[in-house]
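My questions all concern the structure below.
By letter and in written order, the chains are A, B, C and D; residue numbering begins at 1 in each of them.
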Amino acid sequence: MPRRYVITFGCPDRIGIVATIASFLAEVGGTIVEAAYHTDQDTGWFFTRQEVAADSLPFDADELRSRFAAAVAGLDGTWQVLDTGVRRRVVIMVSKEGHCLYDILGRVASGELEVDVAAVIANHPDLATITEAHGIPFHHIPFPAEGKEAAFAEVAKLVAETDPHAIVLARFMQILPAHLCSEWAGRALNIHHSFLPSFVGAKPYHQAHRRGVKLIGATCHYVTAELDAGPIIDQDVIRVGHGDSIPDMVRKGRDIEKVVLARGLRWHLENRILVHGNKTVVF
Amino acid sequence: MPRRYVITFGCPDRIGIVATIASFLAEVGGTIVEAAYHTDQDTGWFFTRQEVAADSLPFDADELRSRFAAAVAGLDGTWQVLDTGVRRRVVIMVSKEGHCLYDILGRVASGELEVDVAAVIANHPDLATITEAHGIPFHHIPFPAEGKEAAFAEVAKLVAETDPHAIVLARFMQILPAHLCSEWAGRALNIHHSFLPSFVGAKPYHQAHRRGVKLIGATCHYVTAELDAGPIIDQDVIRVGHGDSIPDMVRKGRDIEKVVLARGLRWHLENRILVHGNKTVVF
Amino acid sequence: MPRRYVITFGCPDRIGIVATIASFLAEVGGTIVEAAYHTDQDTGWFFTRQEVAADSLPFDADELRSRFAAAVAGLDGTWQVLDTGVRRRVVIMVSKEGHCLYDILGRVASGELEVDVAAVIANHPDLATITEAHGIPFHHIPFPAEGKEAAFAEVAKLVAETDPHAIVLARFMQILPAHLCSEWAGRALNIHHSFLPSFVGAKPYHQAHRRGVKLIGATCHYVTAELDAGPIIDQDVIRVGHGDSIPDMVRKGRDIEKVVLARGLRWHLENRILVHGNKTVVF
Amino acid sequence: MPRRYVITFGCPDRIGIVATIASFLAEVGGTIVEAAYHTDQDTGWFFTRQEVAADSLPFDADELRSRFAAAVAGLDGTWQVLDTGVRRRVVIMVSKEGHCLYDILGRVASGELEVDVAAVIANHPDLATITEAHGIPFHHIPFPAEGKEAAFAEVAKLVAETDPHAIVLARFMQILPAHLCSEWAGRALNIHHSFLPSFVGAKPYHQAHRRGVKLIGATCHYVTAELDAGPIIDQDVIRVGHGDSIPDMVRKGRDIEKVVLARGLRWHLENRILVHGNKTVVF
């Protein structure tokens, strides 16, 4: 894909924001490849995301950052400029279930997801072989009932070493301690195997089966200290019926879990997701 | 549609049930037009529904009932024989929002739903004109804050007079008293404008908007004394995004509410739904 | 809904278009309520749609038109300014099947679709009663095999009298002559009961049943002289199986036909659809 | 999963078929775990599929076959008894695109699909590493423009050696010669990246983009001599819009291709698919 600079910007809404940004880009000759805008009516917050063709600008990303900062100085906004020419890193955390991991590895191997998987961290050894066949380091860190704190410390150290743009909980079955939720805020994505806010917590397919629902779902969300309550990135559902046992639901659910997680991860890596309070704007 | 006898049957599972029923039907020369079976693995309960061509039998529905009773006498089951040649009656309860009512009336007018709408009961007068244009009696019963008991008594009387096979709460915004839930058990269908069990109770689209979900849903269920907790008949969802305001959600949601309610009502009238505990088998 | 001016604009892509439009709107104090942009990579054509709060401007729609014309004079574009404060008119053409008509009438009656239905034109009398109950003129124009030309002339006259913003073929089963396709270009919407380009022409559900597809669809498109080949506005599908007869498909299909047509009509009336060659941009 | 005998049976419809089969199973003490029936109204052909718990029978699969043959001797039917205790074999054919292959390998590795992948055959070497990491033989057979016949001969020999229950064309980009279609009839499954019958043949996403459709699809079907015209097993679609380029469609389409192919393969291996003319009954 051709190199692009992705500008994401948010500020209190007022007249002239788009004019300011668009005029700035026009003056420096930037070709806007994709643009999206949104104003949250409840909070009066304005959001935009703009993709600019890198080769249309006569300077580099750092120069764009400093010029853009000057251009929007009066708008009280927060912003980021992502350079798609700089390869991004992701760490994946798993347990025993491999469907989400295999799915992401396949997407990376085929070039669909342009990202480096810096490490796979697992509390079980089961998924080592395929991970390593993809040339990716696999770290098995056991989580004994009485030693979770130490295990998480080791995880935190490993993650810190690679400083990833995304930490993906790909059916990692341990609950993150609050300090890691906070340290990884806005970078840690989880896939929960229910249509949140239904069926928070453990064994959601068992809960769904007991309630007799006719659709099961999966939710990709940012991790926050409150379990399964973080900003929702994407969701999807699949139909089930009276003939579907819990194992059938588990099997059918996997197909939406992996697709929803992959979409969420892709959008995150492309800076398509702007978090606002406990909600997301997905451009 | 050609006349059919619809047999629904449930009993504790054991070997030979299908053989018993199928042999009985073969002996009397019954042509099975459609058949479905299910055994609930958790409770060991067996369910079946069979549609028999009425003109393949040399006797009428009552004779079928008495012969069938004898045939399955040893199976400790419960059963019903529906004669599709006997026109069924339905009562619809509404408030101000007409989308579900209009949808049902359109299906009846076109012959899609072969049922008599015996009455529409409403706590507001808004939907009288179109109802009456369809030639259906419209009963406006106000529900003042201090007089709901009397209003429900009047509703109960009206319903009792027509003895309907289905009472459809088509966005009727009042909570049924427990004694009516009990009196109408298995006949009262509600459409709830959320993907249950998410967002029980009032203003589910507001709740959905606040949580930032990416799909909204609708659920058709049998009414029970516990609010929005009855056996689920059908559910569906539609995608929403950050750009959808609450009124947008209300509007988009209507399109699934009416479809889900119509499907549920159709299945109910065709005896396709077998309730078992708090769950449904939908054949 | 608060009054808005909806600007739609298309021109050959170049640097500075957004800046030009946004700066113009900022200078006159316009509050942009919603904005979308797209550039077609194949043809290099730029599209935008902007909703401006009417009460944020110190002048009326005509003044906006003349100022906007001046502002974009150098861009070689085509544009339109829709004033949502001016009520729009629609003519609906039907045959015997009422599901799409009833659906639209219900949406208008509830205020969901803010439009005047100026007339319903039908080649059969079946749908007169309900149409007239909504207070809408119903014109029955028979289409005898040997007199279609005269019938279409009468239709054309009726349509011309109301000069509608949309002519909706809501399961009207006659093929429009080329001269009407041309006269009504960009205003005539059809709902075709298949997932185009599959099953063009007559009896698409029969074709679908014969091919053994597992999903059936509906397509809303602008009418052009080539049958079922105009620019697609929206499509949707619903699952079918081996147990579904042709009448089952017809019934299930209706539920997507009416939803897809209603979405298309709504987008058309809100100027959300920009036609470009034989494709649509839907903002 | 507990061992089961899966009986599939088809014959001209008549009264007493279900009674015959159910009585036979009741007499030998067979516990029916799942049962489905269908009669094709156009051809008057009856179909059934029954899963019997193996440990409920006092004899083995061969004895069941011989007794069942006697029981249904008078019905002019065709039937099969599948023993799920006998592990099945599959051969996968691929080109360069790995998403379907990786998906199937992941399902096999996790135990979701209980099958042996006997071989992967490819006309390009790209997918060797991951295949071999799963412990599966990878055969690279080049298909030069002038030597396809020889290449197919080699493929045919490899396939014959493993005598697989399914040959899966997982985005294998070569057209099978008629004699292989015939030799593999009922065992060769293809995934076509369109919603058939739309966009038969090469580059369906390009065709879809050109037509401006709003949904793209994938179709799993049995391979027959006429290209992309065999009996459809399953289909699904995903929404696209004006912003989706052809590469976007290719990427989004992959997510449905792999799910639809996996469903089709699973159903095929479980003998859930009964082919009748050019259509399928999927139980």
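Here is the rule we use: contacts are C-beta pairs under 8 Å (C-beta built on N, C-alpha and C of every residue); 3 or more make two chains touch, one makes a residue touch a chain.
Please read these numbers as outputs of a predicted model, since none were measured by experiment.
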Chain separated most widely from chain C, comparing mean CA positions: D
Centroid distance [mean C-alpha coordinates] between chain D and chain C, Å: 41
CA centroid of chain B to CA centroid of chain C, Å: 35
Multi-chain contact sites of chain B, meaning residues that touch two or more partners: 34, 243
Graph class of chain-chain contacts, one of line, ring, star, complete, other: complete
Parts of chain D lying in touch with chain A, wherever the complex brings them together: 34, 97-99, 102-103, 105-107, 109-110, 112, 129-130, 133-134, 243, 251, 254-255, 259, 262
Contacting residues of chain C [partner chain D, same complex]: 38, 40-41, 195-199, 211-215, 217, 231-237, 241-243, 245, 278-282
Chain B-facing residues of chain D, complex: 15-16, 18-20, 22-23, 25-26, 29-37, 39, 56
